[in-house]
Structures are given as structure tokens and as C-alpha cells.
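Next, two complexes with chain A in common: one pairs it with chain B, the other with chain C.
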Partner chain A sequence: MATKSDGPSNSKYITMVSSDGFEFVVIREASLISPTIKAMLRNNFSEAKTGRCVFPDISGLVLEKVVEYLYYYHKNVNVPYVPDMEIPVELCLVLLEAADYFQLDSVTVGTAFRSMGDTLKF
Partner chain B sequence: MASRANKIRPIRRPIMNREASEFEPCWNLLRDALSDIHSKNAGRLSFEQLYRASYKIVLRKKGEVLYERVKSFEEDWFREHIMPLITKLITNNIVNMTLIQHAGTSASERRQTGERFLRGIRDAWEDHNMSMNMIADILMYLDRSYTIESKKPSIFAATIGLFRNHILRDTIPSVAEQLEEDFMVFDILNAVVVDLINMERDGDIVDRNLIRKITSMLEDLYETDEEIENQKLYLLVFEPRYLQASLIYYKKECEKLLREADASTWLRHAQRRLKEEQDRCGTTVSILTAYKVAKVVEKELVEAKLDEFLAMEGSGLKAMIDNDRLEDLAILYQLISRVDGTMAPLKNALQSRVMDLGLEIEKMVRNTDFSVAGAGQADADEAGDGADKSKMQPLNTAAQQTAAAIKWVDEVLQLKDKFDNFWSNCFNRDLVLQSAVTKSFSDFINAFNRSSEYVSLFIDDNIKRGAKVKTDAEVDVVLDKAIILLRYLSDRDLFERYYQKHLARRLLHNKSEIDTEKDMVSRMKSEMGNHFTTKFEGMFKDIELSRDLGDNYRDHIRQLGDVDTTKIDLGIHVLTTNNWPPEVMGRGDGGRVDCIYPPAIKRLQDSFYKFYLKDRSGRVLTWVSSAGSADIKCTFPKIAGKESGPLSKERRYELNVSTYGMILLMLFNDVGENESLSFGEIQGKTSIPPLDLMRILASLSIAPKARVLLKEPASKSVKPTDKFSFNAQFVSKTIKIKAPTISSINKVEGDEERKATEKKNDETRAHIIDAAIVRIMKQRKTLSHTKLTTEVITQLQSRFKPDVSLIKRRVEDLLYREYLERIDGEPATYQYVA
Partner chain C sequence: MADEPTLPCLPPTSRLAASLSNAGRKRTRGLNPPTYNLSTSSDPAVFSSDDDPALDNYIHGRRKKRYVGTWYDQHPASSDSADSAMGDDMRPPPLKPRQQRQFKRRFDSGVWMAQTDVSTDADESMDLDPPVSRLPLPVSPSVSLRPRYSAEEANAQRIIQSCIDGGREEVDLSALQLCSIPNAILELVSLIAPIPTVAKDVAFEQRDPSIKLFLSNNSLRQFPSAIFNVDHLTVLSLRANRLTELPPAIASLKNLETLNIAQNKLRSLPGELLSLMKAGSKLTDIQLHPNPFYQPNVPNCSSSGADEYEQGTFGPKDDDGMCESWYGFTTSLLARTPVQFSNRSTVVSRFEFPTVSSLPTHLRKLELEELWSLEIPKAIGGQLGPHLDDVRESMPKGAPSLFELALRAAVGHPDRESAKCVLSEQCVSNHFAAAFDRAAHISDVGGQTCCVCGRDTIMPVTEWIEFRELQRTQVIVAGSGESLVENWYSVRVSNNGDEHCVPFVRRGCSWNCIPFKASEPSEPSKDLELSEL
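Let's turn to the complex of A and B:
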């Protein structure tokens, strides 16, 4: 559980860091869509204390897409009939892997029931 | 939702050869982390790193190995670090206290030891629970893929379950040996909790939060790792024990209360206990148990000895009702409505109490001596008449009975008020109870065979008094109550008969306000329907028409300028035979006797008859001398030899007497000063029926207030051998004198009269039943005997309760008279003969 102290543990934003050093500042609420990040932040581990999540196995390119999806989901969660997210074909495989890592293949978007896994399936 | 079937698996990379070498470092990392988590050092660990480690292991298909390793790690950890703590908690003390139940340990000692034990368990649990949550989080990916695919319990369930397997279900060998019986830590835990709660019930203060922590722990643990919702340890193991312990506790408490306390204490105690248990479930135990434990308390504390408490002398239901203990009754109602939706115990007790009280009233009325007229409340208000009545021997018993009747109704109404009060203030206006009480009221009222007559007499009394002393509002209330009683009566036709008789007397003698009368009848109309009041309304109409007729007649006479007859002012009631009771109409048993009117009266009658026939030719008027009254102006001469006092001058009085009295007195106009008439002579000259004559003579020659006749010999009763003469020395303080008459007072019937009334009523009933049978058969053509009987009863219910044997007799009569016939081959079935 995030302790109720000042500072990063209950800030509105968190920082996600890629293997190649890109940092993404993300609204906490959007990031919690991923069960992985959610678990990361709710316990007493270092990520929860610093608000900084480092992903040494994920490149900036991929993490950017992941963050884009988190926002896409966050914005459209209650909107029916949302257009699909743009996914460059060459990123598909790595994104699939990342979706699995972030456990985003079972979350839903609005009534369209789109998940990232689905979006990536052509 | 993207279904599981669509799940995309990670691609297999050509890295298989590396997997073996990668597993061990990952596991080492995780193992160290597990230790850190248990030691609360998680802050320096990176979740991502750990998550990734387990992620990698699972991706490399080593999930099973990881699962097992974590499990065995936890088991080891548990054995090495937690079990010793718990074992330390299980002291001989606590074992003795809970499992062997040695006497001799004080409550506070027990509480302290128990709470220490619970605190230990709680701390161990909280640590374990937190660690397991964190470990489950870092092993999330394992749960997501391996555990689901292999259909094993989640890693959390498997590890949290260690607490159950290794602590709660642990047996302590040393103790087991000592007791020669297996037991588990769980048993101690349950016993401690139950013991603490019992202490709280006894008034001690215990650590509620601690107990709540323990019970919520049990709510979080399941019987097996499958974590089936209804197999929580709380529900499976703790709750039954808790309920059992509560049952024993309350059973004992109830027995103690029954021995030592009264019903009133018991009620309050039970109410308090129920509330306490409810609160306890919220703060100490679990809300899941609230309903069940409430049931236990209801059953053991309320229901088990309910009858005994209700029957308690001096505080049971009888006392509550008799002493109007509203609060007790209200609590009782609440408690009983919890245990029994049908309210049967309360209902039955109320019913029998109503019955008893009802019968008591009847007995009381029968046994009370109403002969002390002044003392009886009912009589006190009738001051004028009452005083005379009590002095006059022949009226005495009748007046007493009337007072009894009024007393009875008053008491019944009071009883009704009492129970209404209970009903609205204590019983939440419960419909079941209302109908039950109503039924009992109606039962005892109808069981009393004079109720119809009494109710009518009661109305009579109040309407008459309403004209004198009561305000409209008061009368209103009383009449409303009378209507309520009326609702209970099943023999409404009998009531109708009495009411008709009493109303007739009131109307003819101007004893009441016509508005009040009409008000009452219109209430009856709305309560019992039109047919019930037609006769009464006809009577009102007759009275009104008669008033107009009288006025018209007087105008008519004035126009004629007939000076002679104006000396007698005629007020007349022309009554329609059917609307009025036969007694009044002179259709009584003996048939009507025409008496001989004095010539002046006779002239008046003829003149009126002539006037009456002008507009209504062909009608017959019969003079009913028994129902009328007359105001006579009498002059008493100056008595010779008296120089002072009232006797010294001539005295004029206005005497109000019945028609018979008038005829009688006019007779003495022609009698000389010192002459007298014998009883026989009077009867011969007037042909007034002997019984009536005797009464009127008694009222004019015995009662001191109106003794205008002298009787020879001067005894207290009139005999056919007596002689009568004019009392020239009569003196009265008032100018207007009312001769007391028996006929104008409505009183309870004597037994003879009653039998007559009932017989007449039965005759009428027979006709009504005949009509009903014919009506039904005409419609149905054929009908079996039972069905016919039922239909007759339903049809006539609003009027009276027909006797089945009477119906049978009527059917037989109708068969004989060939309205109906039997059908061949079908026994007890009738056919209508058109």
C-alpha cells in the first residue's frame, strides 16, 4: 500500500522509464489500468516510494505506445464506438509482448470491448 | 471482452538453451526478496525487478518449479519463524482455561490471558497476511498463467492457507498427551473468543477490536485452498460454536430470569439483549452472524419460556392488561412479532383475556346490587325519574335491571377502549391482533343473551340523557361507541326489534332530540345497510307528518270557530302500523281493547277523524289509548276551616298523565265530594285493561307527589277490592306535576317478556329464512342440503346467525307446502317447484 506521506507516493503523476532512458510522466490514474503497475504501486516496494517505475526490458519506442494506450483507454473508457488505435505494423510483435507483461490483454475499453491484444490482432 | 480463448501466447524465442542457466539467478533474487518481505524490508526492493524475475521464469515454463519453491519456502519460514511464537502463546494456563475449564480462575485473569493469546494470533496473522499479499503481487504473472492453466489454487490462497494448516489446525503434542485427546489451536481460539464474549455479556469490558480482527481473519480464511465462498472458516467452524455457546448462555440466562425475575424485567432484558447482540455483530463478531444470533436469542430467551412468562402471576400478560402496562405490552409485541409472524401466543392470550374480562363483566353485573339506586352511576343522572322509581316498589327491580344493562355496556365499552388503546399504542396496529380481539369481543358479547337488548337500552339511556345534560360532542362519542358494539352483535334482528320498541317510546313521549335520533339512525344505516333502518325512518316520517297534521287540524278548528272543543288541545301521532312495534300499536298478546272515552274526548276524536278523512278517504284510524298522554288542568277547592297555608285557597295544578289516567280522572269530575268509586266500578265505566288500570291507580293514589286520589284502605299496593275518591286536600309545590308512569320508561324485560320477545323474533326469523330459501332455490333450481344451508347462512349473516336446525325445519315446511321437492335417487338434494 502507498503510505500516506507527502511526496511521490501519492502524487498525481508517476514516471515510467524505458530501457534507453526515456521518461514518461503519466497520470497515476491512467497508469493503474495496468494490473502490473497497479500492483507495483500498491505495495511497499521502491517504486511505490519513489513514484518512478523503471522498465529495463522495454525500449522507449514500445513504452511510448504503451503509455499512449493507457491514455487512450483512460480517455475512452466510457465512450461507445471509439476508433481503433493506430499501431504501426512493425511494432506489433513487441507490443504484444509488452501487453502481456503489463497484463493489458484483459482490460476493456468502453462498450467496444477493445483490448490492446485485440487491437493488435489483424 | 477479449476472451481467454483468444489469448495470444508469447512467441517462443530460440533461447531455450539459456533457460536453465537463467532460472537459478531469478529464483535466488526472489527468495531473498521473500525473506526481505517477511522481515519488512521490502522498501529497498524493486517490484519491477521481482515481477520481471517471476515473469521470466514463467515464460521459460518453469512456473511449476517456482510455485512449489515458493510454497516450500513459505512452509519453512512459517515453521521456523512463526510457529515458535504461537507455541509460546499456548501456555498451560490457556489450555487449562479453555479446554479443561478449570474452575477457580478469575474472570479478569481469564480475560488477560485470553486477550494476550488473541493478540499474538492477530499479530502473526497480520504479518502473514501482509506478506502474502505482497508476495502474491510480485508473483502475479505466475498466478495469471501457470496457476490458472494447471488449475491450482492461486499462490495467495496456497500461502495464506498455511496459516490455517499450520497454526489453526496444529495440534500441540504435549497438551494432547495430557488431555488424551486431539485438539487444535483453533479450538483454543474459538473457546477464548467465546469466553471473552460471554464475559462481555456479563458486563466486563473486553477488547472488541481485537476480537473483530480475529473474526475477520476467520472470514478471510477458507476451508480449502479453493476458497469457496460459503466455506469460510468463520462460517464453517467459528460460527456454529459461537451460536452454540450463545444458545447455552441464553438458555441459562432465561432459566435464571424465570426463577428470579418477573415478566416485566424479562421483557426489557430480552429487548436489551437483542440489541446488544446486534451491536456486537457489528463491532465485535461479524455482521454475517447478526441474523443467526438474533434467532438464537429469540428462541432461547423469548420463545422458550414465553408461555411461562406470560402466565406469571402479578407481572404476566394478565397483569399487563389489567394494569395497562403499555410499555410492557409494546415490548412484548415487538418480541413476539420477531419469533412468530402469526402472533399466536399473544393472540391466544389476548383472546382468552378478553373473553375472561367479558364474562367477568357479565358476572359482575349480575352480582352487583343495583337496588341502591342513588349510588349506581347510571341512575344518578336520571335524578327526576330515578328518585321516584327507587321509592316505588313495582318499578324497583326493573330500574335495577336497566341500571345493570347500562353498567354492562359501559363496562364493555371501557374494555373495548382499553384494548383499542393497546392496539394503537403497543401493537403497531397489527391487523391479526385486531381481528382476533374483535372476534373475542363479538364472542363474549354474543354469548351473553341479553346483549342486543342492553345495547339498545344503553343507546336509549344516552339519547334521553343527551336531551337533558350531555353536550352534543359527548353524545356523539357515546353514539359512536354504541355503533361499535352494534358491529359485534350477530343477532341484529333482535336488536332491531328492541331498538324499535325503545325508539317508539322515546318518540311518542318526546324523550329525545329528534336530531340526535336521526343522527343515530343514519349511523346505523351506514353501518348495517338500508334495510335495517327502514322502519326507524318510517317512524320519523310518521312523527313529522303527525306534527303537520296536528297544526293543520288546529288551523282547521280555528277557522270553524268551534269554541267548545278548543278547550282540549289535541296532539296526535298517526302511526303506520308496520313501522311501529306491535306492543305500542296495541297488537300485543291480549289483542286491543277499546276503552270508553269521556264524551268530550269522544267528540274531539270524531272531529279529528272527519278532518283526517277529508284528504285521505278510506283510511282507518285506530285510537291507541295505551300510548298517549294528557295534560290536565285540575282545580282543588279551598278547604273549609283552613285559614292559612296552601289549603286555605283554591289551587290549580297541571297534571301530566297517560291517556288512561286522563280517562280515569275525568271520571271523578262526575263523582260527588264524598263519594268513592270501587276498582270494579272504574273498570266497568272505562273498560281500561285491569293491569293498566292498576298501574295508573297506583301512580295517582300511592306516589305522594301526585296523590290526587285517595285510596281505601291506604295500603302500598292496589287491589281489585280498593275504593278510590278525590283527594280534595292535595297540595303540591310545583304547578306542573308529572304522574309517574311505568310505560314511558324503557327498561329491561322480565324473563316472561323476554321469552315472548324471543318467540316473536323466531317467528319473524322463520319467515325471513323461508324467503331466503325460496330466493336461492328460484335461482339455482336444484341444490344439495348442505349447500343450501351455507347459502342461507351467508345471505342472512348481516342480520342474524340462523340456527341450522331452524333452517332444516323451514326446508321441511317448504317441502310440505310444495315450494320444493326432493329429487329421486339423490338424497338431501332439493328442486325448486315453479
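Let's turn to the complex of A and C:
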């Protein structure tokens, strides 16, 4: 899917890889919702060069749900009265951890969401 | 009846004869009754018939013969077959003891059915393995343990029961030394229905109950959430308990006329309570003091721009004119505190609410912020949306965070306690456990919404307190039609300095849900004018 012309660092898509080897090709813009991924892709990290983020702690099952959320959020940024995304009960605890890891917790909701990746300085 | 022809009994054809006559083209049947092919999708047909030669014993309640399968391989299925139906004495004793019903899957049918040759109606529970979940399942959901109530709780239950029996609407549970009251007991209150007066020349009238619930002089630490299920609650007294906060869902008690929450440990009231203190609501009596409420650090505060602030923050008021006179409470905004911004339950703004559980008086004083200024931490300020100064529509926008979604799912788990155990075992930080506790508590007391956009929120990230002044207000509507005149008379409830300002806490779900910045006044602020009642 990644366009070859721009090279991986500027492509429209990035690849997220789970611990058990599942790969998810995600629109870059959607993935940047997560401050963690944004930080990975920002500097001269290898992820930024290759456009490939490996998450050795997260299983494919959980990462799939996370990716689903990224798209869910991306689609509904400014839509009023969004129905909640379905979270299967058996996944909720691991998803809590994943949400914490990807920094997808309550603070980032709202329009402030998109640019939250910078360390808070006071 | 007796000379009705019976079905001919097919002679058992031998394999040899069959092979001779039909040369193998037809199916042959052996002497043995055929065994049913389990791959057929449905049960074999069962039919009964009256073709019994001994038909004259109808009086004895003869059971009809039952046949299973196709007519040509008929053989009696019920115990009283043709032979045994001759007489009761000749009936052979039942051979098989009653078997347990066995469920067996016919593989292509998709339906579980009992085996047909066993004629028992006893319902046996299915021995299906429960689905395997990664979370621990409730230990034994089938065993319902009858909750054991303490003596005080049993006492309360007895009182409620007697109220139900007698149709009395005043439930007096005061001074029972209750530390908590189980929802199962308190829910009984909603069963109370008044006994209508039955007398001569009085029209029968079914009226809604107006339940009065007195829980004063107990040791309740948490607002009993079952109260929200009592629809027709008009009087609620929680005086002299140990409540530290009121749940926001208290706004759902629309029929409340009297509320007494004096002598508790409340430091603030939920902002949602204000929906009971506006024109048109039924609340006519409220007792708030004494309580260790937060106080502003400036003794006489009053600021302009209150209307602008309220409209900007919470959306335009639905001001649809009173059509009849009304008497009740209104509030007017005096001041508000700066906003406390937090990030993952750590406060990131300079302003912070005190967290100590018991506060000396001087620490209960909170600093104030003018309505036309708004202090936002630098790192957040640059990232807020450009629409900060616009009047916001009050509707939830955007999707909730994944953390919150997952928390909600976790709290909704049937076995919440063991889910929490798993959580605290797995995670190093107790951030999750704390968030989980908070979420569980909030869902217990009826949920919490963002005051700006109205979305459900478990972990509010912005919080501020409005100091308001309570007024008794009377609206007298005179005239009719076009010349409707509303006269509003308000009078302060209390002139006592300490009880003057009542704190109402506001919670926002995102960093965009913050108070609206009113425009800076050019003239010095005027005092609120209050006309005498």
C-alpha cells in the first residue's frame, strides 16, 4: 500500500507490527492520534525512516482493536453524538494497558487530541 | 369402532425373498427393527392410531398406541403395546428405570433434541461447559447466596416493609446507626403505593405516591444510589451523615421538593444540582448548612459577566418563559475558581484543589479568578482549538478515549472484583487500579457527565468550582395572552457571611471543556441588585 515514490518516511501509510507478527497498515494521519506513535515517527528513529513500528509487547488481537480505535477516532473527530465503540469484555483489561501505552486516555479527547505528543512543560 | 379396519401388518420379508422379487432394486428390510440413521436431520415421525383390536377399554383410560418412524416398520413405542393393552394384569413391568434425559446432537440439524425413545418429562439441566473467558468468571453464578444483612439493615428492611404494607409514604429510617444501606433494601421503597381512600361519594382516584425518605442521623458515607430509582421521591433527608460528596445523578430526582443535606462532610455540591434550582423545578426547600464547604478567599465577591460566562460555557439557556407563577430557588453566580487541569490523574495546572480529607478552615479557602480571565497551562494553551472564545454548542463531539471505553467495559464486567484483582496483579503501577476504583464508584452512583458537552466521563480532566448565591425566587405571572407580564422577585437565602457562597463543582471531559472567557468589562463591576420579596 505504501507509495514508493515518497519513500517510507513520507508515505501516507505506516505499518504497525504486533508481537506475534501481524502487520497492520494504517493511514499515517490516523495513527498520529496516539502521541506514542507520533513520537516514534517524529525524529530520526528507525521507525521514522522505515515507517514500520514494532510493538513487541502487544499481541495482534489487541493491536487490531487499537487500530480499529484509531480509525474510529479519526473518522469521528468532530461528529456529534458518536456511538461508543464496542469493546469485548475479555479484552478490556489488556486494552486498558494498551490505551495507557499508546496514551489514548481521556486527556487527549477533543480537538486538543491531534497535537498532544509534546512533553508538558510548565 | 371395533370393526374399523386396522392397518395391515406387513409380513417381515426375508432378505432372500426381497432379493428374489426385486432383484436388489428396492431397499430391503431385515427382521430386526431398523436402527435409525443418525444423519437424518429430524426426528422420526411419531404417530398414534386407534387401530388396536382391543378398543373396548376406553373407559380405563387406555393410552393410544404410539408408533415411531415410517408406517412400514411400525412397532409400538409406548409401553402399552398391542400385546400388553389386552389387560392391565398382562402388562409387563416397565423394563427400564427412568433414565436421565440425554441430549445428543444430530449433527446436521443444528438443534439439540432429547432422544425420542425415552418418555420422561423431567427437566434435567444441560451439562454444557461454560464458555472460556480470559477473565475469571463468577465462581458459581447458579448458587444465589442470600445476602446477610446486619441487624441495623434488617431493621431498616422491616420498617420499609411495614410502610409498603400499610401504604404509608413516610419512610423513617433515621437514627438506625446505618453505615451503609444495601440497594436491595432501599429499592423496596419504590414499591410503596398509597392506599386510595375508599368512601361513599368519593370518586376513586389513583394518585402518584409522594414518598418521603428520612435517612438522617445515620453514618452513611456514600449516597445510596438506589434512591435514584425511586420515582416519586418528594422529600429526602440525609441530615447528619458522613457524606463527602453528592453524586451528579441527583439531578434526576425531578420530583424532589425538599432536600436536606446539612451536617455532612460535603465540600462542594455537584453542578448538576443546579438543574433543580431553576425556574420551573419543584424544589422549594433545601438545607445545605452546616457543611465544610469550600469558601472563596475574598470575602465579598461578585463579578460581572456572569450571563456571558454561563451562555458561553453551557450553551444558551432554554428560556421558554413561565406560563404560571412559580416559587422556588434560583442561584446567581458570584465567582469561580481557576480551572484545575489534570492529565492521567495528576494535576498539571498551578491551581489545585486541596486533596487532604479533613481540612482546617483556612485551607478551605480557594482562590478566585475573574470571569474574563482564564489561566491555562502553557503547554495546553497552545494546543487548544482555535474556537476557544466562541460560544460553544452544548453537544458531545468526537469519540471518547480508548482508555475510557475500556474502563467502561471493565466496570461493566459481571465479576468486577476479580477483574480488579487481575488488574492489580498484572500492572505495576496502581494508576489503573485507582482509575478502576473511580470508574466503579461513578458507575455505582449513576454516572457522571461533562458539564460543557454532556458526554459521559469517568475521569474529568478539567474541574473548577462556581460559587453561587442561593435565592428564593417568586415568579408572578400577571395578565394573559400577549400582555403576559412576568415579575421576578428574589431574596437572598442567607446573609450570613459563611453561608453566603455555595460551591458547585463543574467537570469537563476534555481540555476543551473549560469555562468561557467573558469579555473584559470597561466599567467597574456593579453589585448585583436584589429586589426585596
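The rule is short, and it goes like this: the second predicted complex is superposed on the first by the 99 of 122 C-alpha atoms of A that agree within 3 Å, B and C clash if a C-alpha of one lies under 4 Å from a C-alpha of the other, contacts with A are read in each partner's own complex, and residues count from 1 in each chain.
We take it that contacts are C-beta pairs under 8 Å (C-beta built on N, C-alpha and C of every residue); 3 or more make two chains touch, one makes a residue touch a chain.
What you see is a predicted model; the values in this text were computed from it and never measured.
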{"item": "Which superposed partner A:Pro35 touches (first chain B, second chain C, both, neither)", "value": "first"}
{"item": "Which partner reaches more residues of chain A (counting touched residues only), chain B or chain C", "value": "C"}
{"item": "Contacts of A:Asp105 with chain B and chain C, given as first, second, both or neither", "value": "both"}
{"item": "Contacts of A:Phe24 with chain B and chain C, given as first, second, both or neither", "value": "neither"}
{"item": "Partner chain in contact with A:Glu97 - chain B first, chain C second, else both or neither", "value": "both"}
{"item": "Chain B and chain C contact sites that coincide on chain A, given as residue numbers", "value": "93, 96-97, 100, 105-106, 108, 113, 115, 118, 120-121"}
{"item": "Complex interface listing, chain B residues touching chain A", "value": "1-2, 6-8, 10-11, 42-48, 50-52, 55, 133-134, 137-138, 140-141, 144"}
{"item": "Chain A partner contacts - residues on chain C that touch it in the complex", "value": "133-135, 342-344, 348, 350, 377-380, 383-385, 387, 395-410, 412-413, 419, 422-423, 426-427, 431-432, 435, 457-461, 509-513"}
{"item": "Chain B-touching residues of chain A, taken from the complex the two chains share", "value": "35-36, 39-40, 42-49, 53-57, 93, 96-97, 100-101, 103, 105-106, 108, 113, 115, 117-118, 120-121"}
{"item": "Chain A to chain C touching residues, read off their complex", "value": "66, 69, 72-73, 76-82, 84-85, 87-93, 95-100, 102, 104-113, 115-116, 118-122"}
